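There are two complexes below, and they share chain A, which is joined by chain B in the first and by chain C in the second.
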Partner chain A sequence: MNRALRCLPLLILALAWEFISRTGLVSGSALPSLVKIGEAWWGLARDGDLWTHGAASAWRVGAGLFCAIVIGAALGIGMAWWRPADMVLGPFVEIFYPLPKSALIPVTALWLGFGDGSKILLIALGCMLPVTIGAYNGARSSDRTLVWSARSMGAGRLRVLRDVVAPSALPELLSGIRTALAISFVLLIASELIVARSGFGYLIGFLGANGTYEPMFAVVLTVAFLGFVADRLYQAFTRRVFAWRE
Partner chain B sequence: MSEITIEGVRHLYKPARGKPVLALDDVSLEIAPREFIALLGPSGCGKSTLLYMIGGFLPVETGSIRVNGKKVEGPGPERGIVFQHFALFPWKTVKQNVLYGLERQALQRGEREARAQTFIDMVGLSGFEDAYPSQLSGGMKQRAAIARTLAIDPRILLMDEPFGALDAQTRHLMQDELLGIWRRSPKTVIFVTHDVQEAVYLAGRVAVMSARPGKIMDIVDIGLDKSDPDLQRSKAFADKVDQLWRLVRDEAIKAQQGRRPL
Partner chain C sequence: MAGMSAPDTDTPGLAARIGHGLARWSLVIGLLLLWDILARSGSFTPFMLPSPESVAQRIWRDASNGDLPINMGLTLYRALTGFLIAALLGVGTGLLITRSAAAAWFFDPIISVGFPMPKITFLPVIVLWLGFYDTAKISMVVFDAIFPAITGTIVGIRAVEKELLWSARNLGAKEREMLWQILLPAASPQIMTGLQVSLPIALIVAIVAEMLMGGYGIGGAMQQASSMADSRGVFAGIVEIAVVGWVLVKGMSLLRRRLLMWHPEAEAPSGV
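Up next is the complex of A and B:
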C-alpha cells in the first residue's frame, strides 16, 4: 500500500506526459508519447544497440568508480593517519575539489583519445576527491579513546589503522562514495556526448542529431532509471554494512 | 618499593581553539604493588587526565610516571583501563569486543572463547553476546567494557568511574565481584570515583584531589576490615565516609565557584 502510494506521483506524471503529448499541446518531437517511446525502446533492445552501448558505458563507469574508490579511500585514510601525507597532499585536494570536473573532458580526451581510457580516467579523477574527503573526515573523527583502547590491548599502529581508524571512517567514506556515484553518471554521459563513438551518451547524441527523438527519449529514460537503481542498491548495501548502528 | 611512582606531574591541555587548560598541577603519588587506591575529586579536577597519563595515552611533559621503575612511554597490556565512556568498538558485538584483547595474547582459540564467556557471564551479560553496543543500555555497555578489560587480566587496573552508570543493586554486585578478583589475583587497582561510600568500601587508601588544577590534597588510609559483611553498617565505616565527605565538599564548592563568571 505504502509502496503503491509512493509510485503515485510518478504515475500522475506519466499520465500528464501522455496527455500533453497526445493533445498536441507540445509538439510531438519535443515530447513524444510514452507509448511510442516504449516501442522505440523495444526496437533498440531488439537490435542490440541498447546492450552494446550499455556495456561500453557500464565498463567505463565501473572501472572508473573502482579506481576512484580504491585510490580515494587509501588517500583519505592515509592523509588522516600520517601527517606528512596530509601536509603534502592536502593543498592539492583543496585546490582540485571545487574544480568543475567536466572541464577535464577535453583534457583526458587529449591524453587518452576517444576510447574507454579517457572516460575511465575522467571518472576516476572526477570521483576520487569526494571519496578522499569522506574517508579523511571519517578517519579524523575517530574517537581517541577507541584508539587508546585498542592500543592498551596490545594493538600496534598498523593494527589500529585497520581495526579502529578504517571502521570509524566507514560511515563518511560510504557517503562520499554515494556522491561519487552520482558524479560518475554525470561525467559518463557528458563525456560520451562530446567525445565518444559508443556508450549511452553517444547514443543519445547520435539519435538526437538524426532527429529520431523517440529512441533518444528511450535512452534518456533508461539512463535516468539506471541511475536511480544504482543509488537505491547502494543505499541498501550501506544499510547492511551498518547493522551495528541502529 | 612502590609499583607506580608519580612525581611532580603537570598537564596542560592545549586545544586547537581556545585557551590552554591546566588540568593537573604537581601531582605526586606512590602506589604499592597490590594496592587498591581510589581517586576522589570534584568533576573536572583531572582524574581522567591522570589515569590517561598513567595509561600512557597522554605524554608526560613535566614530572615523571614510573611503573616498576620504568618510565611510562606509551600504552601497554599490563595496564588495563576501563574508560569513563566505555570506549567499546561500536562495530563489534559484545563478544567480539571482549575477544579483541584476548586475540593479541598467546591463547588457543577455545581458551579465548571460554575466557570471554566467563567474563561476559560474570558481568551478567549472558544472552547479549551478539548484541552491538548501540543495542545496550548505558549500564550494560559499562559492564561489557569492564568484562573486556578484566578478561585480559592486566596487572594494573585503571578504572574511570567504572560503576557510574549502574543501578544500586548491580553496582553492589559489581563492587563485590571486583573485590573478589582483586583478592584472588595480584592486581594493583586505581579506581576513580565521585562516590565517597564506594571509595571507602573498596579502597585501602583514598587520594582526594583538589578542584582544577588537580592536585593531591590528602591521602586517607581507610584501614577497615573488608571481609566484614556488616562493614557498611559499622560506625567506623560511617566515620570514614564522614571524614572524606568534608574534604570533598570543600573542594566541590571551590570547583563551583571557579566556574562562576566574576
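Up next is the complex of A and C:
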C-alpha cells in the first residue's frame, strides 16, 4: 500500500502523457500514446530487432566496463600501494580526469572505426578513471594500524595487500564503479547515436530518421528503464557485499 | 592531487607553492614530450597520432581565422547557460521538496527514477520537439545537469541542524529570513558539491548534443573533422576541450573555496 502510494506520482505522469497525446494537445508524432508505444515495443521484440541491437549494446558495455574496472582498480590500488607508481601515473590521472569524456568519441572512431572496438575502447577509457580514483582513495584510507598489525604478525606485503588493503578499499571502489556504470550508459548511447551500425543508440537514430516515432519512443524508454534497473541492481549488489559490515 | 589527497588545513609556504606549481607544469610538459616521442617513434601513423606540433599549428590556425573563438564561445554559451538554468531550477526544486510534503511526495519517486537514467537517450526526442538549434541543446544540458543540483540541495537542507532552526525561530526569524539567512547558507557546502557534479555533466552533454546535431561548436567541429578523417582536427578538439574542462573544474573548486571561506569545512573534497 505504502509502496503503491509512493509510485503514484509516476502513474500520474503516465496518465498525463496518455491524456495529452489522446486529446491531441500535441501531435501524435511528437508524443505518441503509451499504448501505441507498448504495441510498437512488442513489434520490435517480436521481429527480434530489440534483441539483436540490445545484444550488441550489452556486449559493448560489458566488455568496456570489465576492462575499465580491472585496469582502473589495479591502477588505483597500485598507485596507493607503491609510491613510484603514484608519482608516475598520478599526473596523468589528474590531467585526464576533468576531460569531458564525450570528447573521446571521435578519437576512438578515428582509431578503430565504426564497430564494436571503438565503443569498447571508449567505454573502457571513459569509465576507468572514476574506478581508479575510488580504488586509490579507498586503499589510501585503509587503517595504518591494521596494516602495521598485520605486518607485525608476519604477513608479507602481498598478503597485506590482499587481506587488508583491498578489502578496506572496497567501499570507495564500489562507489567509483557505480559512477562508471552511469558514465558507460551515456558513452554507449552517445557513441551509438553518432557513429554506429548496430546497438540501441543506432536503432533510436534509425527509427527517428525514418519518422517512425512510436518504436523510437519504445527504444528510448527501454534504454532509460535499463539504466535505472542496472543502477538499482548494482546498489542491491553492494548492499549484499557489505552485509558483513553490519 | 586535486580531490585525491586529504585536504591541507594550513596554507603551504611560498616556496612549497612555487615548487608545487613547477611540478605541475613539468607534468604537462612531460605529457607533451611523451606524446611527441610516441608520434615520432613511427609505431603510429600521423593519422592515428598526429604530432603535437601539427596539432598546435592547427589550433593556432583555427584561433587566428576565428573558428576557434566562435566554436568555443558557442559551446561554452550552451554549457554554461544550461548549467545556470539547471542550478537555479535544481536548487529551487530541492527547496520546494524539503519545504512541502506534497512536493516531496510527488517529486521523490520521479527523481529517484530519473537520476540514474541515461538522460542522453532522450536526445532524439528533444530534437523531435525542439529542433536542432540552441533551445534543444540547452534543454538537453538542463535536463541532464539538474539532477545533481536537486539532490545536493535536498541532502544539504535535510542535514541542517534542528537546533539552528529552532533558535532562529525563537529569535523571531520570518520564513523568508530563515530561508536566506539560515537554510541556504547552512546547506551551501552540499549544494556546491551538487553543482560541482553538474558542471562537468553540462559540458559533456553540450558536446554530445553538438556532435549529434551538428552546426557550430567544438563538438560539431570535432565530429566534422572525424567524419572527414581529419585527425589533426580531432586532436585539436580534444586539447581544446581538455583545457576548457580543466579550467571549469578548477574555477568551480576555487569558487567553492571563496564562497565557503567562512564555513568550517571550507576545503571539502571536490565532487568531480
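Miscellaneous remarks
Just so it is clear, the second predicted complex is superposed on the first by the 246 of 246 C-alpha atoms of A that agree within 3 Å, B and C clash if a C-alpha of one lies under 4 Å from a C-alpha of the other, contacts with A are read in each partner's own complex, and residues count from 1 in each chain.
Here is the rule we go by: a contact is a pair of C-beta atoms (placed from the backbone, for glycine too) under 8 Å apart; a residue touches a chain by one contact, two chains touch by 3 or more.
Keep in mind that what you see is a predicted model, and the values were worked out from it rather than measured.
Because the two structures share chain A, they can be overlaid on it, and in that overlay chain B and chain C fit beside each other without clashing. Greater residue coverage of chain A by touch, when chain B is weighed against chain C, goes to C. When the shared chain is aligned, no partner comes close enough to touch A:239: not chain B, not chain C. Of the two partner chains placed by the overlay, only chain C lies in contact with A:91; chain B stays clear of it. Contacts of A:197 after superposition: neither chain B nor chain C is touched. By the touch criterion stated above, A:83 is placed in contact with neither chain B nor chain C. Of the two partner chains placed around the shared chain by superposition, neither chain B nor chain C is touched by A:22. Once the two complexes are overlaid on the shared chain, A:164 sits against chain B while remaining clear of chain C.
When the two complexes are overlaid on their common chain A, residue A:100 makes contact with chain C while staying clear of chain B. After superposing the two complexes on chain A, the closest approach between C-alpha atoms of chain B and chain C comes to 6 Å.
Counting contacts by the rule stated earlier, no residue of chain A appears in both its interface with chain B and its interface with chain C.
Interface residues of chain C facing chain A in the complex, by the touch rule stated above, are 1-4, 24, 27-28, 30-31, 47-48, 105-110, 113, 116-125, 127-129, 200, 203-205, 207-208, 211-212, 219, 222-223, 225-226, 229, 231, 234-235, 237-238, 241-242, 245-246, 248-250, 272. Residues of chain A touching chain B in their complex: 143-146, 148-155, 163-164, 167, 170, 243-246. Across the complex, chain B meets chain A through its residues 52, 55-57, 74-77, 79-81, 83, 85, 87, 89-92, 100-101, 104-105, 132-135, 148, 152. The touching residues of chain A, counted against chain C in their complex, run 5-7, 9-10, 12-13, 29-30, 90-107, 109-111, 133, 136-137, 182, 185-186, 189-190, 193-195, 200-201, 204-205, 208, 213, 216-217, 220, 223-225, 227-228, 230-232.
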